[in-house]
Amino acid sequence: MTGSFFRSRSAWAIAGLIVLFLFPVFFDRFYVYLTAIILLTGLCATSLNFVLGYGGVFQFHHAVFYGVGAYGTALMILKSGLSPWLGFIVGPVVAAVLGLIIGLICIRLSKLYFGMLQISLGSLVWAIVYRWYSFTGGDDGIHGVPLPDIISSPNGAYYFTLIVTSASMFVLYRMLKSPFGSALQGIRDNPVRSEMIGVNVRLQQLLALTIAGFFGGVAGALFVVVDNTVFPDMMFWTLSMELVIMCLLGGWLSYLGPMVGAAVIVLLRTYVSGITVYWALVLGIIMMLVIFFLPNGVLGYLDRFLKKKARAR
Amino acid sequence: MENLFGFISPGILSQILVGLSRTVILFIVSSGLSLILGVLRIPNVAHGSLYMIGAFMAYSVSHLFGGGTAGFWIALILAPLGVAALSFLAERSLFQFLYEREHLMLLLLTFALSLVFGDLVKLVWGAEYRSVPVPFIFQGYINLFGGLPFPIYSFFLLIMGPVIAILLWLLTNKTKIGKISRAAAVDREMVGAVGINVSWVFGIVFIIGCSLAGLGGVLVAPTVSVTLGMDHTLIMEAFLIVIMGGLGNVWGALLGALIFGLTQSLGILIWPQFGIVFPYLAVVVVLIFRPTGILRSTW
Amino acid sequence: MLEVTSLSKSFDGFKAVNNAGLIVKNGETVAVIGPNGAGKTTLFNLITGVIRPDSGKVLFKGEDITGLKPYQVCRRGISRSFQVVNVFPRLSVFENVQVSVLSRQKKTWNLFTPSSRLAIAETDRILENVGLSDVRDNTSTALSHGERKVLEIAIALGGNPEFLILDEPTAGMSPEETSRCIDLIRQLKEKLGITILFCEHDMEIVFSISDRIMVMVRGSTIIEGTCDEVRCCQEVQDAYLGGSDVCLM
Amino acid sequence: AANTIKVGIVDTYTGPATTFTNDVLDGFKLAVERINAGGGILGKKIEYTFRDEKFKPDIGLAMAKELILKEKVDILMGTINSATTLAISDFVKKEKVPFFVTFAKSEKIVGEKGHRYIFNMNEHTEMAGRAAAIALAKKPYVKYWIAGDDYEYGHAIADAVWSNLKKIKPSVQKVGETWWKVGEADFTPYITQILAAKPDFIIVATGGSGMVNFQKAAKATGLSQKVPFYQHTATELSVLAPQGPNAPEGVYGTANYFFYYPDTPENRAFVADFKKAYNRNPRIGALYGYMTAQFIAAGYKKAGAIDREKLVNALEGMSLDSPVGNLEIRKCDHQLLIPMYFGVTKKDPKYDFLIAGNIEVIQGKDYVPSCQEVLKLRKK
Amino acid sequence: MLDVNGIDTYYGLSHILFDVSLNVKAGEVVGLLGRNGAGKSTTMKSIMGVVPPRRGTVSLNGKDITGQKPFISFRQGIGYVPDDRRVFADLCVDDNLEIVYRRSKDWTKDRVYGIFPALKEIRSRRAGHLSGGEQQMLTIARALMGSPELLLLDEPTEGLAPLIVRDLEQQILKLKDAGISILLSEQNVRSALKMITRAYVIDNGRIRFEGTVGELEANEDVKKKYLMI
């Protein structure tokens, strides 16, 4: 039974990928761009959820890793003179290292304290980027990052984003289903007990934070590919809040929840803002409705709904 | 180096005094946040919006009463009441049903609320900057150490801070409602089962906390321009202050505000280039040495 | 196997454990009894590293394990269950135990093999042993109180311990479940040769399965001895049993 | 879209910046209504659509892309956020869509990062600095203190004023600097610090709501009576009006526009129109928005076709009459040359708020960086 | 005084109580016996209003109290001692007693400490740090502070040392003498039988037996089938 279930799940994944691959053939450039943004934002939110939803760590300043990944990539391309492809590795790696460092400092703290200390540290990083004009371009950011030819066209950027995102999503998924992932979820639910069964809670969480930082960085690097620019707002705390909201809105206990949340937010922003400047108001109201009626997020609701149906059958 | 001596000599004392008066508003707002966080466990992001609304209400009220001194005093009473009414509405229609939810969900809800409030303020008051004049008796300044000016209004603030701190401490530690709310923070259902109408207790605490945000807004109004977005910077600072001091601890909020305010003003004097990082550094240092804040938290 | 010497711990000046001593030999089953608040749970917490002692020593198999982190203690072969049910609420019964097994096998650093292929046989065997096979796929919150208590033990067994600490394993169980639980503990002792340290307020159980008993009062050991020694000792009667009929049993 | 010319506007309509951007939008609307009422351009009406980017560059850029790729706008306009502007600029360069910058102040926009499709309809920081320096050089002050918002705009303005002042009048000295974080609410401690150093004059480089906040603090501490200071846009209506009669007197400032100055029939007419439409006095942004529409209309007319390339060509070097006199879009860098008014705040019985007095006019060509300078920047 | 009439209670979709009826008369100690998961706690919660029943009625002194909020039930004289010791961890013992809603001055702190002298010694300690048994005493003490007419005791002896259990048995009898009616749920039948006058046996959410202690002692069938003794 599990076999057929798994098969159907991979079947769905493959079908989804095919649709996404064919997307540029049928749709206008703008929609391709929008999809790329959703994918990379969703990847960023998923990497956050790796520690937030599955690790129970209040990672409140995930945008730092997104931003650092982007800056790392952009600066590497602009300043090093080495192959731009190297930038796509350096950015995420720098983000991962930063994730480890910030993690080391914060890890002793619990919940809200963790989150707030992380916001402080993240804000320090942000302040440095914001103020270090000569290197980072200050609050104006860096614009017009040159890219290798094959990914500089809109479609090239889209396919690159699609491939990297799906690969990352797959890797993250495998990690969650691995013993490491089980231990991580155990820690989320009951850290004391986890320690009592021989899990080195801190170390386990640190690794998770590093991984999350890495994939946050990957998303940042993809942003450089899609939008060719970086700016300090990418690591401002408001964006981090938005990422948390994507996780919660989509469903932070389901794997694709954050991706769905990202899609919801990006689409709302795009379409509602075309109708009214009061789109924050609309977004706020929609969020409240979700909280009231879908307490487990959009996907959490669907999950439950489907399960209930399956049971009824 | 030159800079360093430059600021020590002509009255660092007055500098500190000024620094203190500015922490008062931070304190008042964060103490409300701390109360709500400590008792109701709601990380209330909309707290900043209520502060902004308090300031706008202060503008409207003082304007309505001729913009003079009388207007300010009436605003000092009416605006926090207005904010209280608004929070009462929010509590009864929203929060009331959600206390049992995950903290993160409440964070999401309050964030949504702050978005709504932000746009509502724009709808009601428009985009113009607003200004509330300093009440007449507090206008002007006196000369302190070495002829440096100190606004009289700041004296007023300096007195308000401790008064509010003591009142709040009495409320949480000495009154029954304070004790009930501390108990309810941990086990709401059981508090109900010993004959207490928890729903109202929570409502009252929420309203008190929120009106403190409103009060902060009124008090700040005469010193700044009342604008959209003034909630934004404040809320993050308030959260950091609360965390630094220890969640739910009134004195912690006071201490946190002091540290935050002083590192902010002194930090910029020491290293102008990266002045903005000092308060954050203070938070980092504090939390590294005291992972649950300086004073005991109720969490 | 386990040797606790003059262990002390105080909270805000209150001595919860005061100079407690205890020796458990290989293969023994030792009970700790004592009035409420005597410090039994605290003693267990000190041994397993959940809290650090103020002074004193814990030796396990001749090695000093005082002040080690819980996970380090666990890796040396000590597992425990908790007085208040303490399981992983969002995981299924199977996963609850599996995590424990995986952790013992040091597989929690394995990032890529799906858990669903690992440690299945062993986990199922443990579930079988404790009689939870039927509810294997339920989430742990859907279990009855008694079942959850058993799951507690199963998780501890996942660590394949040489030494097992049980904190009131049968509290809140019905007579029926209690007798099953006692059987289980006997099995662990006899079939698997696990050394067991437990505390319990039900004297019938204490006297029926333990080899030796340690009596704790106000944080200190007042007597340590065989069932018979303890049973009718006057101090124990006064401090704990209160002249109940156990002496006659 | 065949029968209309579509203009897309991306700007911040959230937070303190709204007070400026609303005027840009309203000024633009006013002009568009007139143009459309007069039969449009080449028989086509102007249609516009606007987006609130909430002062976030990523959102702003996404919105610009949406407007260009999905809404297929002919022209893009905005924004008050320099980072957004620069990000969009890079994109419009690739897409070859003309982009009119209406409030962002970064010098990079037409300087280092300038290109064929970008037009700057307001002064940038270097220009503001030069204009102030020209006027300040004539004053007797020697010991200067520099203070400001700790972000690009603050530093850029301060640097621009200071470096130009130093060039024009080498005898000036800087006795110290103070930087505070953006959004700082209470300036009293900084003012105490500055006063302790006893400078002759202070250059205050704040933006947005910081302008009002600083002036309030200056009034409360008596700073404005002790040491004169300069703020770019200090004399602007959006800064002075909210403070009513309580604003400090004697503050120096520069601004491109006042509804009461120049007191010409053109300006009076513009003010009357604006007031009729929106029931308030126009502020600086209104002029930028209004003139942007005018230039777009005139540009298309001159080009004779709805064609982006032709429009750009037509606009280069074009000049138009405006409420503040004849304005030219310079060919070399697409910078609008607009006069700057240096003045000082004073009370006026006609208004219940302060206005600018002793106005000194500095003509656009006098305070704009030369074409050589710009080209040198662009080559970098 | 307490009449429970045919209640059905659910947790979400799962139907737990089926047509449960029972009554407690003034001054009685009534036992509610049954094995784990039989529905004892749920019955108590239904009476208190923590988990309102979907069908049937609960009335106190002839007044319908079905499904009303727990705090109102408490104010009308029902004291509730839950099985999972829910002391107010953050408050000290004294404050735990102080915040209770007081119907009358019948029960003072001193009187309560008279019943549980052990508590008096630790009156200023944080409740969250008390041992299991101490917490159990505290919850009973807390319920008494509201001067209840009826006490719902849910497995009060769980986790208590034999000495304390015996003490508690005495105390409960004392409470009975003081005129408080008690509904007592117990696993520990032997202990329960010392206190109660009548008993209900519940299994799988249904009342299976009702009668005096004597009748229960005599009914080997019920004892074997539902109580495992």
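When the chains are written out, they are named A, B, C, D and E in that same order, and each has its own residue count from 1.
Keep in mind that, in the parts below, a residue touches a chain if its C-beta (ideal position, glycine included) is under 8 Å from a C-beta of that chain, and two chains touch if they have at least 3 such contacts.
Predicted, not measured: the structure shown is a model, and the values here were computed from it.
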item: Partner chains shared by chain D and chain E (touch criterion as defined above); value: B
item: Between the pairs B-D and A-B, the one where more C-beta pairs touch; value: B-D
item: Chain B and chain D, separation of their C-alpha mean positions in angstrom; value: 34
item: For chain A paired with chain B, centre-to-centre distance based on mean C-alpha positions, whole Å; value: 32
item: Centre-to-centre distance between chain E and chain C (centres being mean Cα positions), rounded to whole Å; value: 29
item: Chain A and chain C: spacing of chain centres that average the CA atoms, whole Å; value: 42
item: Residues of chain B touching at least two other chains; value: 118, 122, 232, 273, 276
item: For chain C, residues that touch 2 or more chains besides their own; value: none
item: Where chain E touches two or more other chains, by residue; value: none
item: Chains touching one another, given as label pairs in label order; value: A-B, A-C, A-D, B-D, B-E, C-E
item: Touching residues (chain side chain E, partner chain C) in the complex; value: 35-37, 83, 125, 129-134, 136, 155, 158-167, 187, 189, 227-229
item: Chain B to chain A touching residues, read off their complex; value: 37, 43, 45, 94, 97-98, 101, 103-105, 107-109, 111-116, 118-120, 122-123, 232, 236, 239-240, 243, 247, 273-274, 276-277, 280-281, 283-284, 287-288, 291-293, 299
item: Interface residues, chain A side, partner chain B - complex; value: 52, 58, 105, 108-113, 116-117, 119-121, 123-124, 127-128, 130-131, 237-238, 241, 244-245, 248-249, 252, 278, 280-281, 283-285, 287-288, 291-292, 295
item: Touching residues on chain E, where the partner in the complex is chain B; value: 48, 50, 69-71, 74-75, 80, 82, 86, 88-91, 95-96, 98-101, 103, 142-143, 145-146
item: Chain E-facing residues of chain B, complex; value: 176, 179-180, 182-183, 185-187, 189-198, 298
